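First the structure, then my questions, so here it is.
Naming follows writing order (A, B, C, D, E, F, G, H, I, J, K and L), and every chain is counted from residue 1.
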Amino acid sequence: MHRFLVVHGPNLNLLGVREPDVYGSETLDRINASVEALAKELDVEVRIVQSNHEGKIIDEIQQARTWADGIVINPGGLTHTSISVRDAIAGVDIPSVEVHLSNLYAREAFRHESVIAPVCVGYVAGFGAESYRLGLRAVCELIKPGESEKVGK
Amino acid sequence: MHRFLVVHGPNLNLLGVREPDVYGSETLDRINASVEALAKELDVEVRIVQSNHEGKIIDEIQQARTWADGIVINPGGLTHTSISVRDAIAGVDIPSVEVHLSNLYAREAFRHESVIAPVCVGYVAGFGAESYRLGLRAVCELIKPGESEKVGK
Amino acid sequence: MHRFLVVHGPNLNLLGVREPDVYGSETLDRINASVEALAKELDVEVRIVQSNHEGKIIDEIQQARTWADGIVINPGGLTHTSISVRDAIAGVDIPSVEVHLSNLYAREAFRHESVIAPVCVGYVAGFGAESYRLGLRAVCELIKPGESEKVGK
Amino acid sequence: MHRFLVVHGPNLNLLGVREPDVYGSETLDRINASVEALAKELDVEVRIVQSNHEGKIIDEIQQARTWADGIVINPGGLTHTSISVRDAIAGVDIPSVEVHLSNLYAREAFRHESVIAPVCVGYVAGFGAESYRLGLRAVCELIKPGESEKVGK
Amino acid sequence: MHRFLVVHGPNLNLLGVREPDVYGSETLDRINASVEALAKELDVEVRIVQSNHEGKIIDEIQQARTWADGIVINPGGLTHTSISVRDAIAGVDIPSVEVHLSNLYAREAFRHESVIAPVCVGYVAGFGAESYRLGLRAVCELIKPGESEKVGK
Amino acid sequence: MHRFLVVHGPNLNLLGVREPDVYGSETLDRINASVEALAKELDVEVRIVQSNHEGKIIDEIQQARTWADGIVINPGGLTHTSISVRDAIAGVDIPSVEVHLSNLYAREAFRHESVIAPVCVGYVAGFGAESYRLGLRAVCELIKPGESEKVGK
Amino acid sequence: MHRFLVVHGPNLNLLGVREPDVYGSETLDRINASVEALAKELDVEVRIVQSNHEGKIIDEIQQARTWADGIVINPGGLTHTSISVRDAIAGVDIPSVEVHLSNLYAREAFRHESVIAPVCVGYVAGFGAESYRLGLRAVCELIKPGESEKVGK
Amino acid sequence: MHRFLVVHGPNLNLLGVREPDVYGSETLDRINASVEALAKELDVEVRIVQSNHEGKIIDEIQQARTWADGIVINPGGLTHTSISVRDAIAGVDIPSVEVHLSNLYAREAFRHESVIAPVCVGYVAGFGAESYRLGLRAVCELIKPGESEKVGK
Amino acid sequence: MHRFLVVHGPNLNLLGVREPDVYGSETLDRINASVEALAKELDVEVRIVQSNHEGKIIDEIQQARTWADGIVINPGGLTHTSISVRDAIAGVDIPSVEVHLSNLYAREAFRHESVIAPVCVGYVAGFGAESYRLGLRAVCELIKPGESEKVGK
Amino acid sequence: MHRFLVVHGPNLNLLGVREPDVYGSETLDRINASVEALAKELDVEVRIVQSNHEGKIIDEIQQARTWADGIVINPGGLTHTSISVRDAIAGVDIPSVEVHLSNLYAREAFRHESVIAPVCVGYVAGFGAESYRLGLRAVCELIKPGESEKVGK
Amino acid sequence: MHRFLVVHGPNLNLLGVREPDVYGSETLDRINASVEALAKELDVEVRIVQSNHEGKIIDEIQQARTWADGIVINPGGLTHTSISVRDAIAGVDIPSVEVHLSNLYAREAFRHESVIAPVCVGYVAGFGAESYRLGLRAVCELIKPGESEKVGK
Amino acid sequence: MHRFLVVHGPNLNLLGVREPDVYGSETLDRINASVEALAKELDVEVRIVQSNHEGKIIDEIQQARTWADGIVINPGGLTHTSISVRDAIAGVDIPSVEVHLSNLYAREAFRHESVIAPVCVGYVAGFGAESYRLGLRAVCELIKPGESEKVGK
């Protein structure tokens, strides 16, 4: 059975509480439940972690090298600055997908650029909790036999 | 039955021919077939158009105002410059999703910014033909009753 | 009798429908009627065209060289990017006035610059339909005998 | 009877003398006369002031709050730098129109941006003395009953 | 008894009138009264001036050299552009504190930088009238015997 | 009794040791003692934490949501880069004040901008340990009944 | 016999009319005649098209994939903005040469950069009609057997 | 006898007092005396004015049009921002020379650029009071018969 | 015996695994062994730490103040963003050397700048594990008696 | 008989040796032979010089003023920085053509701009040795009687 | 007797020939004669050199360390780029004055900045040959006994 | 026996004389002696050259192609601008190491970037004469058999 790491970056534990007009009113627990429901439907396993600590997130990504088939990551505020998280993903060489709850292009200009996305396969943003679910679908498709040669860098 | 407009921008008719190391080897016909297959599975209808003419694309988006429940658009080279396509989408006020075959953040810097994404609900990029399919799933979720209040701008 | 070309760029056919908080609630038909009314009052003739196609707009400007005494143009989303429309106006060498419904300086920064205005005589913006009427008045003044030497480039 | 403040910023008292190839050969007196003639025609009253002192201009704008229905202002060299004039206009909350004799986009790049225009309703530029007259017409239209809801910000 | 100059820059005389959602609803008179009340409490004397004229403000700062122990200044719109006010403060060499009613970092980007702050000891912003009172407290602390060596530049 | 969180960011534990010409010669212990003395005087309670770990600081801010009436934070080197600390403060929605020992505008250009200040009510900088005390006074004023409507954003 | 596509972008149909001090006094017809004369001399065939429509130009480039051995293109005002024309040329993978009548480096700064040149083999500019003839010579040399390995990218 | 206007901008009245390590220890009176001594030696007349008010300086420059043969101006802090002083000098069309006590290139970056110098004949900087004397010499040379055609703009 | 701290920043524990074409195929253990071998040869002692946590690295640098004669640090992805690590090094005031395995100038532009290097004595980059060894040699030279006055900051 | 100077800038003597994947495998001798062959065919004379010394190149250009009818120059690495070579060409006022072996727009961004091209008539790039031959043809066309009025600047 | 080095940078040997509308019609010989005449008048000695070779100019500046009391240098095109000439002047530590024939601020933007001026005492520009004479006067004043403390850096 | 070229760029012959607070008090002769001592210790041969002429340095690098195993170069002021030296090093394809006496990141911003480093293997900076010695060690390590595959680009 395929296994995936799902990472929530800093402050995502506040979901449903923090700025609901930006991030929606769903709590992290409900998002996780819906991700797990989809995992079940797709017949895969997920390990979900949230941390406000960049170092903890890097540790998790590094360890994923030994067990995971893919990563779905919402780096939160680290999206725009953490070259270390970028280097971690590039280093483990597992197909990764960046996801965001909100449409970053419709927010402040400093949120338009991602230093992490260049080392991911792709990204999904703007659909609330659904972004995670689409990201999980995407990474599942990626590891199907024969997919890698169909998709360009 | 819900109906959606799927737009392929300039040069996407060359798919499978043009730079396969960037865009994959699938032809536009095969992508369209897979989008239609998913539409059937989701029980919705799609109208698919491709054009190399910005004006034609604007016309199509404007007309969609009278019949479509959502738009999935890959603006191709217009992504980074066409304020007119942006204004068309903002003007018709139908939930729209921007999709790309490749991961734009992993390409030239001038492809990182999108002038169209700020007026879409969200975007999906990097998964080849699968990007369209994820985009269609996303826009279908968006028009489910009660969804609009769950997702922030 | 003097004759003028009035050009509406992309998406202006959506007026009254599209983002009324930005562009006002008047339809293009009503704006055109008010422009024609003023033309009558000033005893001039106007040909009014709208197109979402940059190429069509360039064609119209080029043809105006053979019949028109002046141009009033709202380039819409092309204002900020179309060097080709700029070159067309510079090429036909007819006094032209750029007009906008809204105050571009009060909107997104990418709307502050105009690549077309440098080859026009002047510009008017921010007064809704009245912008067109002021623009028509301005271009009429410009072609009065003896005016050209009073106004600098 | 409606009353308006017309402000000429620094150096505009030199008109007809200073760089006639840029600003035209009309003197300020003749421009004022033509503005007053139009005011008569439109059945409104105007108070016209010129000053080389930013502080004096701010004082005048502030006092206008107690008597004027609108402002027509050519801020001259203050256009590009005076956040204080901008704040004054924003503070008095009277509909204001920025006007310029010359087409600023056809001049040096540092003259393209205006820090004052964002707090005006609109702007008119490039038509010599006619710019003031078009500006006065515009502001008169703006205060007609029912106009405010027709024009977006 | 220690004596301080309190300077209100351009447009601050409009307080309570101008954009109350940005600057609060207190009038300048009430702010001045609260500053004077605090002065009494701290057993110091204040001279309060407001001017819309940059030159007047420079004159006042220069004269303060002969009588004042410190300056509290809200430069208003001059904050971001007046190198002359900056040079005046640097020239008189009296400890000065920059204050602002609103949080400039939460407003337009052009308000984030201050050309005056580098020659002040410190700054206080975002607390409405309270900013002035905190600024006065700060400058009083600064001139206490033995303070200068405790605080870095 | 009102309760406040006071946060010292990375390296502030070195105070009195590290670059005394920039930060003054007071130790963190003496600063904390003076903050606690003021708290007593103002009849409020403070919890003071210092950490070199961004994640730890985010955790503290998030927990403050359950008990604190306000936050006084000196983010140290995180001021200019930590979008995650910014998002944490925005997420807990408690009035926060940013403080700095030194006048950032008088230091390197990269220290002029703050990514955290836009989500605070205000900021105080340049007065050494006194900055914290002024910050605590400010946040106490903010939570007085009826204050929120007096201060603009 | 080798066959080549020669493309004239927007406004080049105005040649000899439009701004002769910039573009020379030759008409497009005379340029085309001289290109055809050279084609005859070099024993090759040319198809020459002019359009003001970006979409039309993209269509022509795409169709050239089925019949042409090379492309000579003067993109006119599209040179600096059309990522879609760039993508079309990159997509058809036929050796292409960008030509310009005038020396773009001696004109406005916004004309110095070309978004199309990076996907061409080379470019020629500044020699009036002769630029096209040099461009045709260049592309003929390129397709001679054994040439491709002599020239670097 | 030739007559010249010598202008000292804001804060120059503080000379000898303000930052002597930057501006030297000479007072403005001594500089003026040395300028007058040189005027006597060169057999010309000078009118010397100092003002902290930009408007006053513009007034003086404008009046110089009626009596002066040249201007020597040290715009002080206005050097870098006052487009109005620039426009005044350009408007009166008298040969002007910009002078500075200190070498602006050796100071803060914001002091490197001058918005006023482009409309002066030349500039002299870095020699303390001697800069004024060199400036006066320069402007005297400029108005010698036959000089204007020897020096390019 | 002299003692040194050697710091490996985030992701350096992946060495030999992560992107060997960029970082070489040596593992961190082998690098550490070669550093320790050199330490023995130079008759000094080293403490080597690796962490993915910025806060942990700051803690280590701070503690080094009490025992170490110098620091050799490869900040990894923190090189370009961590003002907190910079402040820590500046705060402890021990001679520090920045080292990198790869030649950062030959990689992405965002890796050219270092926010940490300005507070180090010097830096060494591009020689794989040898960079650490050269760095250790350098810092040993620096603490030789009489060296400090030979080398400028 | 017409005579031309052909200049090879720094490092072009390494051709065929240096980076053959960028510059092709032809040696400078073979390029010179092919240029001389074309010169013979066109019945003109060429003087060919190569130097790694900017000063030597300037000397040659200056001397060309006394004998040459045109210049073909590949400035090599000086293209992007040498204002002195630019000034030399502008100073001698002989029609000059800039040539490059490779397509600079397809290389690093710092190679896109040329400080020399603005003072040349035109430029040719991307065709290997053929670029020189096209450049020589171009400059020969330029000096044909009656050509100068056909080509714009 | 005091002795000075006068340096003419690249292309200044073309004076009177090259672009007389920019640089005037005087030849370098006549300028040198007028400089020598002034030297005689001031009772000092000058050594005048011109070179198109940056290295030669650096050699001359370095040798000046052994014999010259000051330097007057017109670096020509090296003004804007030669960090090596800058370092040479900084290295010899002789008072130097930068001079230019034309007003650089009134020319292309790339000529506004000088990398050499920051290490000179001052600069003089815009007065043709007179600039050299003013520069020589300035440097003579600088070495008068007691001058150094009157002028700030 | 391995042989290396050691290059000192412009002004390095002034060492010990020029700005000793930046570059240390050692003369170039002493540095060369210490480099030669290390060469002896490492059993290699060095040829050391210094020149103020960019062209001379390029010549030396080109000749090194025929005899040297590596290059150690301190390009001095050419570091930041000489694309020609960069191209020379790239052209000869010998492993090269860039060295600097001082820590460039701790100096002016224009010294942070190196146009030469991207084509070197690595760089060493900040250790005075020791930088050269570390650089020589580094290049010796590089040419040991089997090293090239251990170090990434």
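Simple rule for what comes next: a contact is a pair of C-beta atoms (placed from the backbone, for glycine too) under 8 Å apart; a residue touches a chain by one contact, two chains touch by 3 or more.
Please read these numbers as outputs of a predicted model, since none were measured by experiment.
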For subunit G, the least number of touch steps when starting out from subunit F: 3
Starting from the defined contact criterion, work out which chains touch subunit A and subunit L both, please. I
Where in H-K, E-F or J-L does the K-L interface recur, with over half of the contact pairs identical by residue number? J-L
List the interface residue numbers of subunit K and of subunit L, divide the shared ones by all numbers used, and answer same when the ratio is over half, different when under half. different
Geometric centre distance via CA averages, subunit L-subunit I, whole Å: 22
Based only on mean CA positions, could you tell me how far subunit D sits from subunit I in angstrom? 62
Euclidean distance of C-alpha centroids - subunit B vs subunit E, Å: 53
Two-or-more-chain contact residues of subunit K, please, as numbers and ranges. 19, 53-56, 81
Set of all touching chain pairs, with the criterion as stated earlier: A-B, A-F, A-I, B-C, B-G, C-D, C-G, D-E, D-H, E-F, E-H, F-I, G-J, H-K, I-L, J-K, J-L, K-L
Would you mind writing out the residues of subunit B in touch with subunit A in their complex? 19-26, 97, 101-103, 105-106, 112-114, 117-131, 134, 137-138, 141-142, 149-153
Once bound in the complex, which stretches of subunit K touch subunit L? 53-56, 58-59, 62, 65, 81-88, 90-93, 115
Enumerate the contact residues on subunit K facing subunit J in the complex. 9-11, 13-14, 17-19, 51-56, 76-81, 110-111
